[in-house]
């Protein structure tokens, strides 16, 4: 986001410069190749942040290309007393890949983008082994000719890495019916924070022992670095229908969502966009989204043809019963693709409203959507901010986006305050802090809102089993005060 | 449709009582329906037995979730869900005795795993009692959640060695309008898997195949046609041989069962479970992975008081 | 160091990373410094300090192909092309970013006769095997056909200077012998110039350009042939219409570019469409309005059309194919046609009646040619090209259609049979 440029940036840098970093970089260079280890000041700047608003400061950035090199990088970093921070494509929205070190020493950022090969595809077993840097959409494209795809489809799927998906247990519109990343990962080969290599899970359905695979997925880089991932591939559905429903009010759209779920349907996807975002998206894709709608729902139904037709009818009926203004069924694949392009560009299209946005990601019980949404609008109004909503309505996963221009004095404080109020409102109706983006640095200090100290302590025990020294992506996910770190708030050098 | 729970609480005792019962020091073993008692080894007979609380706390059909106490039997839970037109992806052999907590602790999925997914994907929230006797919450009562580390998945299949389940929230699913088991002779069960879109189950004993089709009546009919002649509806799937539960990559099944006498085993096609009478050889776990298991156990239950004698590996 | 960019443009980037996979240099390297997002971040960091831009910054900027794939991929509409041009203009002005050698190279482009001579000389050296292969130069033509504007058809109805059988466009010398260059004294005849009086206004101008005219004049002949086939009267630019200045803009040599732009505008007066058969030049001409910022320049830019755009509007007037290529033709979209002019669909409209078209599955990722880029960063250009070659190979098409000379030359360097769409059409119209 806009110009958090250098003035602030200088703050946390240059603490560990000169000799120490040089020796570290030299050792890393010897372990991989000199041109895959970087410590130039401008280059380091580029790794200070991900797609969130937070910033840290890396000490060295390296690009291993093999498992051995990742192991070496971790071992060397640890020997130099540095933390390691795994990074995929840097599209995370919770600051998971923002480099924060320990004891004032800037961390080594380990970037997986050069590990971008699909290693093996077993079409019969519907499994592929991939390196972590493979982009989500590239994976689906590479198996498309087999009638298969990788089901988790974050809106960032063209850019985000499978490793990042694993670390964040990412979701996407189509995870409503098919489940989030965890349901699509069978096994992981992981470089643990001590540099050793462990296989978590396996290709068979019941590998012995604890579900370490399940524990690792969603660990946000705090339990090691995934270097090989066995993903489950899903068969393409024989029939798909995509329906755009147009509403005169947010309330009727939200009650349609509840109605669809209550009717026993599990659509492949069920997405909502409010008025502002709908017209911003329409400006970008020209897909015929109704500019005057108060809200639209994008519903996708897939499976076998008769079931899909029946479900489409139910959706139309429920929508009509709730007072929808119009129901448009995409006529062909091109129209369907265009509608999805609109939905998936939504965050970016916000820039047509204001240059900056701050995105939240809470989940509430689906039956409470109406009341929570109206509260979200109220909170924004109270803080004199604009909020737009585009979200995975089917699973109650809200994405209120506060849009603003950070050059306006004092606006950041209002944005943060409004965000905190929204989180509190969601938690009050039994919601949780994050549905798919993760906790990272961003929501770390809100964890106490839904978990007791005992709950957090249990999570810490899991993390410590993987990373006893808390050297892998330190200061993420678990708040201070639960004994995991000695920081009281977002660490210095991390900027909101 | 309202968001209010369809079921009122019908539970036997507060969770805190269960936590108090477990206490903080001596070894305890939690008893469910004893349907899978041997999995992970016989627990220490001197350990004190405790039973998880029972009862369905709240079924919310419009949320497609249910909150239930761990000691409730699967049959009891399913009866409540049926009232709301829903069911659950727990598929134990003896639903009238198996408890929900027990099924999760063992973590084995039933023969419908191909279509319904593994048991571990149904658990949304868990309240469990720790080795220190504290009630801990993991996860949350919503269908999508990445708030914090995934202790829920760690608990599934952990055989009560890191915490004892007290209450859980599960994802439920709509009851399919039609469900038909078909049986026919087949020497290539993978053909069926390729011909069908997401069948709920394909079982194979080396001679016959049983296929479970669920969904819209017209689709089920079309899928029956796609299977081709020689398959007829049957009331139920074959009984599963007990004694050995082998787990392998789905693509390895054909080779493995080639060494077995047809008719003596039942393979879950596309899943990779083979039921037969002899136990599988014990598997070697990589040293780094084994060390992780040990550290997890040590971190959650330093004195080893939870289900002593049970081993996950 | 303040860069010649607008703060608004810099702050438009929200760092979402959605552009990353559309950037050829990021695809090859996986590094932020070689990505649109990283380049913008580097610009911001540089823009915000007083310190002069260091070599790191120049290096990051220079590795950009300026394909602008990121620009169309960006949902926030970050005007990346403008940012990069501004950053390079600052670098060129304030630093030794464009070394003397390179500056001189760019200067030659505006001196057409010199360029033609140099090109012919290089062609001779090539024949003598004195040009190092690592430069990746195509086989240059020793001779160029003579272009005849105005006529609705070449003598005897034959297209002038179109390639021989199979229509291989590159370096094929057509009939005509002596290169006549673009600028003869007294300009060139416009249309079938009326005797004595003012020449009649043509229906369209065909812009010929610098390198393209030197290396690929047969393609201009083919474009004329096809344009004539619609019944239009076509004129060639008068003196000074030699070089569009695109490469100068890309290099940050804005002043030179502006001077060239003024000359080009003067060489094609009136209201007739300015038709361009080089996607890179077309994009530059269409941007004169922004480059010069005058009403006159904006009016000129409004007259500019890519040749396919122009033909698509007249597709009904084109005769049917008299022969067709046997295999399918893979359509490669030049970045400056697809990302900048967004006129790539017209290629399909115009070409479809004459060939079986197949699409590439790479979302229009750049081929690495990038004007002078392939010469300046040959290694990177070739790595980028390898992906394009793989995408083309995946289609199985034996022939590639590309509407930009830079791309044609660059891809031909990988041993592919690449032809300009108008070459294919002219060959097809010409009959067997």
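Note that the chains take the letters A, B and C in the order they are written out, and that residue 1 is the start of every chain.
Methods note: a contact is a pair of C-beta atoms (placed from the backbone, for glycine too) under 8 Å apart; a residue touches a chain by one contact, two chains touch by 3 or more.
For clarity, every value in this text was computed on a predicted model and none was experimentally measured.
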Overall pattern in which the protein chains touch one another (line/ring/star/complete/other): line
Most centrally placed chain - per-chain CA mean versus overall CA mean: A
Farthest-lying chain, centroid of Cα atoms versus that of chain B: C
Mean-CA-position distance for chain C and chain A (Å): 40
Mean-CA-position distance for chain C and chain B (Å): 63
Chain A and chain B, separation of their C-alpha mean positions in angstrom: 28
Residues of chain A that touch chain C when the two form their complex: 1-3, 5-7, 9, 40-43, 45-47, 49-51, 63, 89-91, 111, 113-114, 116, 133, 135, 137-138, 141, 156, 158-160, 284, 345-352, 355-357, 407
Complex contact set, residues of chain B against chain A: 1-3, 60-64, 85-86, 107-109, 113, 117-118, 120-121, 130, 134-138, 140-154, 156-158, 162-163, 173-175, 190, 197-198, 215-219, 222-223, 245, 247-252, 268, 271-273, 283, 285-286, 288-290, 292-293, 295-296, 298-300, 312-313
Parts of chain C lying in touch with chain A, wherever the complex brings them together: 7-8, 10-22, 29-33, 38, 41-42, 44-49, 54, 56-57, 60, 74-78, 361
List of chain A residues in touch with chain B within their complex: 122, 124-127, 168-169, 171, 175, 179-180, 182-183, 192, 196-200, 202-215, 217-219, 235, 237-238, 258-259, 261-262, 264-266, 303-307, 310, 363-368, 392, 395-397, 430-439, 443, 447, 450-452, 454-456, 458-459, 461-466, 468, 477-478
